[in-house]
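Some notes on the structure that comes next.
As written, the chain order gives the labels A, B, C and D, with residue 1 at the start of each chain.
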Amino acid sequence: MIIVMKHRASAADIDAVVKQVETSGYKAHLSQGTERTIIGVVGDDRPVQSHNLEMLSGVEQVVRILQPFKLASRDFHPEDTVISVRGVPVGGPRLTIIAGPCSVESRSQLLETALAVKEAGADMLRGGAYKPRTSPYAFQGMGEEGLELLAEAREATGLPIVTEVMAPETVSVIGKYADIYQIGARNMQNFPLLTAVGKTRIPVFLKRSMMGTVQELLMAAEYILAGGNRQVMVCERGIRTFETATRNTLDINAIPLLKKWTHLPVFADPSHATGKWDLIAPTAKACIAAGADGLIIEVHPHPAEAMSDGAQSLKPERFAQLVRELRVLAPAVGRMM
Amino acid sequence: MIIVMKHRASAADIDAVVKQVETSGYKAHLSQGTERTIIGVVGDDRPVQSHNLEMLSGVEQVVRILQPFKLASRDFHPEDTVISVRGVPVGGPRLTIIAGPCSVESRSQLLETALAVKEAGADMLRGGAYKPRTSPYAFQGMGEEGLELLAEAREATGLPIVTEVMAPETVSVIGKYADIYQIGARNMQNFPLLTAVGKTRIPVFLKRSMMGTVQELLMAAEYILAGGNRQVMVCERGIRTFETATRNTLDINAIPLLKKWTHLPVFADPSHATGKWDLIAPTAKACIAAGADGLIIEVHPHPAEAMSDGAQSLKPERFAQLVRELRVLAPAVGRMM
Amino acid sequence: MIIVMKHRASAADIDAVVKQVETSGYKAHLSQGTERTIIGVVGDDRPVQSHNLEMLSGVEQVVRILQPFKLASRDFHPEDTVISVRGVPVGGPRLTIIAGPCSVESRSQLLETALAVKEAGADMLRGGAYKPRTSPYAFQGMGEEGLELLAEAREATGLPIVTEVMAPETVSVIGKYADIYQIGARNMQNFPLLTAVGKTRIPVFLKRSMMGTVQELLMAAEYILAGGNRQVMVCERGIRTFETATRNTLDINAIPLLKKWTHLPVFADPSHATGKWDLIAPTAKACIAAGADGLIIEVHPHPAEAMSDGAQSLKPERFAQLVRELRVLAPAVGRMM
Amino acid sequence: MIIVMKHRASAADIDAVVKQVETSGYKAHLSQGTERTIIGVVGDDRPVQSHNLEMLSGVEQVVRILQPFKLASRDFHPEDTVISVRGVPVGGPRLTIIAGPCSVESRSQLLETALAVKEAGADMLRGGAYKPRTSPYAFQGMGEEGLELLAEAREATGLPIVTEVMAPETVSVIGKYADIYQIGARNMQNFPLLTAVGKTRIPVFLKRSMMGTVQELLMAAEYILAGGNRQVMVCERGIRTFETATRNTLDINAIPLLKKWTHLPVFADPSHATGKWDLIAPTAKACIAAGADGLIIEVHPHPAEAMSDGAQSLKPERFAQLVRELRVLAPAVGRMM
């Protein structure tokens, strides 16, 4: 941490800051510039409330130097983490394709989709039984009945299942069915939920908030890791910007940046990131070219009748076409399918 | 809802859309332009999945016309809602000032602050016992012990207390102490939490997410209202933008916009919206001039030692000065204190 | 400037950075942390290409410490700059109200508006003769004929005139008429234009870009100041964010921040910042309460027929009402009108 | 255009709007909903000031239906535009790679880079002689001397040259040297400049503003096209968002969206879009996978000594490696190099 003093800060101001740093158990390292005095804080200062130091008289600015996450960082864990989900390795050279409907709506809808995505080449099945919906008047998901249908679809296809958990009190019931917990974008900073899944040993698929920075995404992963659950995947799913022509803006830069900063597997969700079915295929390919370890894609047999996210779902035949295109692309960027 | 067809959409495409609208129980109203056909959907279409219609062949765009919220809307409830909290009316001509520390840290810190803000003229006391923290390594709040200290501070000062609830499972314990539940910005779209507080009859102070639109804020309020709890206050607390010189960007436009769209009391939080203690007073005055019904402000006796949010906390004497300035300002914009 | 080395950067990497700093004429100041080495650059490093240093082997990050502007900074010019425009002092305790139509459309429209705003209490008249329009098919302004009408309106009312300049080649013709050059938001970083007005001695009213930071606004002012023209006013006019309910988001935080960072007069434009006539009055009052030195407001006698910006223009009677309200507000926040 | 009336708008309000629409030469088409009346405006309403209609009594909202651009639209020009630049076809199945330094700094720097990028496989040479710089104290470019060096480099390598034009008064001198005018991001809405290059017959490489929507980018292209110059390429170069870990956020969605909306060739600039040299290769590949017709990439022989943009420049050997990777990738996504 670096403390920048104001132009013309007094010697007393500087002394007071140095004293505060030292009483917190750190060493202070003074550097006298022509216009400013700068004070370096030496030691692992992750827990320090940097903002408080800004309150001290004569302080202009406090700059953090270290990334605030540790367990999620490549600095401390240089090799890629590979997570095995019912024998499917996630995070290694082989790409992982997760597909399925936004919501589980009925037995026939789910089984039809599950068989279709399996046939097309998906590695895992997604489907929500508990749904976060902007409107209290919209379909809220089938609940435990939906989980049972997911288990039945897994039985029928052999695909591991990924499903969303929204509140600490459903962690336990969902844990009876799910192979992977999904934490949705709106819950990226739902700390009681992160803490709750951190206590389990079920892998977690953590989606970036639409206004979360890459650093905050890794801090959210740190919550889960710090709880003892080391099986975390992170997923770029589009951020909110001024551009309204698409539902969100896929932050493609985040993919190589995440690969550089963390050892955790990195996914992308081109369905939510674009919100338009006809942009899914080109952006899905872009994510793989940028280095993503896998994709999560919404597929629905009859998108116009979907109870949620129809506009950003692929029909099974379009999904199958995309998988064929990815099979051509993957070796051209050094990956396997 | 308006469905805009593509340039050169076929008659069959148009027929298919009309049919889909009618089988959903609405009337379709065709309008043939020179370049486009436009189909109006007649009826209360709030529950319709507008995005799904975009999947139909020949559809260019679907435009929603109605605001998706109803109970929160001034259209259906033209008079201001006034909420009485232990006899303090919130939302009428008199301004409501809520002040106190970010976190309850100790008995002495809380009581010192409570007496100071009471003395300065605050109407209610804020303080968090359960804290959402970006880092798992940061102070997470005192829990129920903090709630007991808040109750003691209420006893000592007569000030009603506002405290944050972060998860459905703590709604009940916090409800034993709180006069107002605070829902924090990161939980604005924590739907299980909104549903849980909607079942109580304790007033709710709902903060706008840093990534939430004004419309989404009112949809979150709608969740609580739809649950039967009609005592909701909404609070602008800064949104996330590209500007990094301040912690967030106070969306001052949102204040008169909220007053126009909703009958619920509208607050502002200049502490979080700026993140800098020396910007709190000018922006607090701005919010009142723009029509806010009240303010929530962080006050700490020793900000440089605060366990959270020190940089955006006022010292008690600065808070007292601000209240004096607001007493001069309020009548100049037609309000009382 | 602070150079943060990577975890495990080699001694050779550190030596190379120190050498590069020293060959650029600065002193390097080493600070060995537990996890990182940090190198301070001592000297006035404003002209240094900080980003280039990031290219050197072993460098993690380069952090600039000094604000890059100097002439615009309060550090080097602590007193408020007061600019006299035909005897009207701008930037002192008295507020300055600039009003008028977006575009000069005709003699009658301009004179009617000019007399009305004068009568209502405006201090200066605004009106565009050269208009930046998003569409090539929209009205582009009356050009020099519009400037003549502005001069006639000045004659009739005594109000100094503010009008926009869009290109270096019209600086000279506009300079024959204007009392103040306006630089529009889209031209905040039109460097040839900034350079051109910097060579004149006519005051400049510089609007913040809808995606310019406060720091970039002051760097744009620095361009003009560095050219020798010290009469610059800066204006917050709304930034572009994810919120679409209003045309832009008025960054109210920027007003006290600008007052803290610069000695130049600070204005606000609630017309562009909201884009909605019914939000102008509350946000105008907010800007004054936050410390703005003046306002610029669009007024049109028949907004529904305006050739540009009708939706964000006040009718003369509503403008007069606003001025009456500001006369009540100003003394309550320590200002005069 | 659709005009949505307020809940409980009076019959007189509705009549007044209909009258206004009809006196502007359009037909009004009424649609009575259960809660709102909606008025369709029939005819090519691109030139109508939609915002003004919002001023009329009883109007809630005005929604534009048509895209405001016409010449740039695929609706009116379904086939891809292919532009020939000194025999190099741009916009067809073959990808176009433009490379070179940010600024022309010296004869040796430019020639060394030009030969290196030619050798590596670039199709064109970029280099700025007139530079837009945020700071008035930074290097501003070599001016016409730089243009002469670019011409010499073209002579030496056969590569067509792309160079930036910043002001209408330099259009003519730059036109004597350039094969393609580059309009930089900060000038996307510099309307006098767009008009000036629209009058020439030299191809234009138009970069998206960091604050421009895709629609606004195509409106800027429309300015040039409407002037008679039909040789326009558009380029995504990163937008400004809340994420600060990268210089900008590459809007990858914009690439397939542009390909859908316009027939003009679509480029991407991974150097500016990321601001970090080590993110250029993965994002460059992503852009090609997403459907871009070409790339523009900054290359500098000694990035740490570059006078601008060093941190986002590739060394020649890294650029050569990227071109080799693109040669593998291109056929996997149906393109040639």
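What we mean here is this: a residue touches a chain if its C-beta (ideal position, glycine included) is under 8 Å from a C-beta of that chain, and two chains touch if they have at least 3 such contacts.
This one's a predicted model, so the numbers in the text were calculated from it and none came from an experiment.
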Shared interface partners, meaning chains that touch chain A and chain B: C, D
Rotating chain B onto its identical copy chain C by a Cα superposition takes an angle, to the nearest 5 degrees, of 180
What is the distance in Å between the mean C-alpha positions of chain B and chain C? 31
Please work out the Cα centroid separation of chain A and chain C, and write it as a whole number of Å. 38
What is the distance in Å between the mean C-alpha positions of chain C and chain D? 26
Where in chain B do residues touch at least two different other chains? 211, 240-242, 244
Which residues of chain A touch chain B in the complex? 20, 46-47, 49, 51-56, 68, 132-138, 140, 166-169, 186-187, 189-195, 209-211, 216, 219, 222-223, 226-227, 240, 275-277, 303-313
Residue ranges of chain B touching chain C (in the complex, touch as defined): 211, 213-215, 239, 241-246, 249-257, 259-260, 273-274, 278-279, 282-283, 285-291, 325, 328-329, 331-333
Chain A contact footprint on chain C (complex, rising order): 2, 4, 7, 29, 31-36, 38, 40, 42-44, 61, 63, 65-66, 75, 211, 240-242, 244
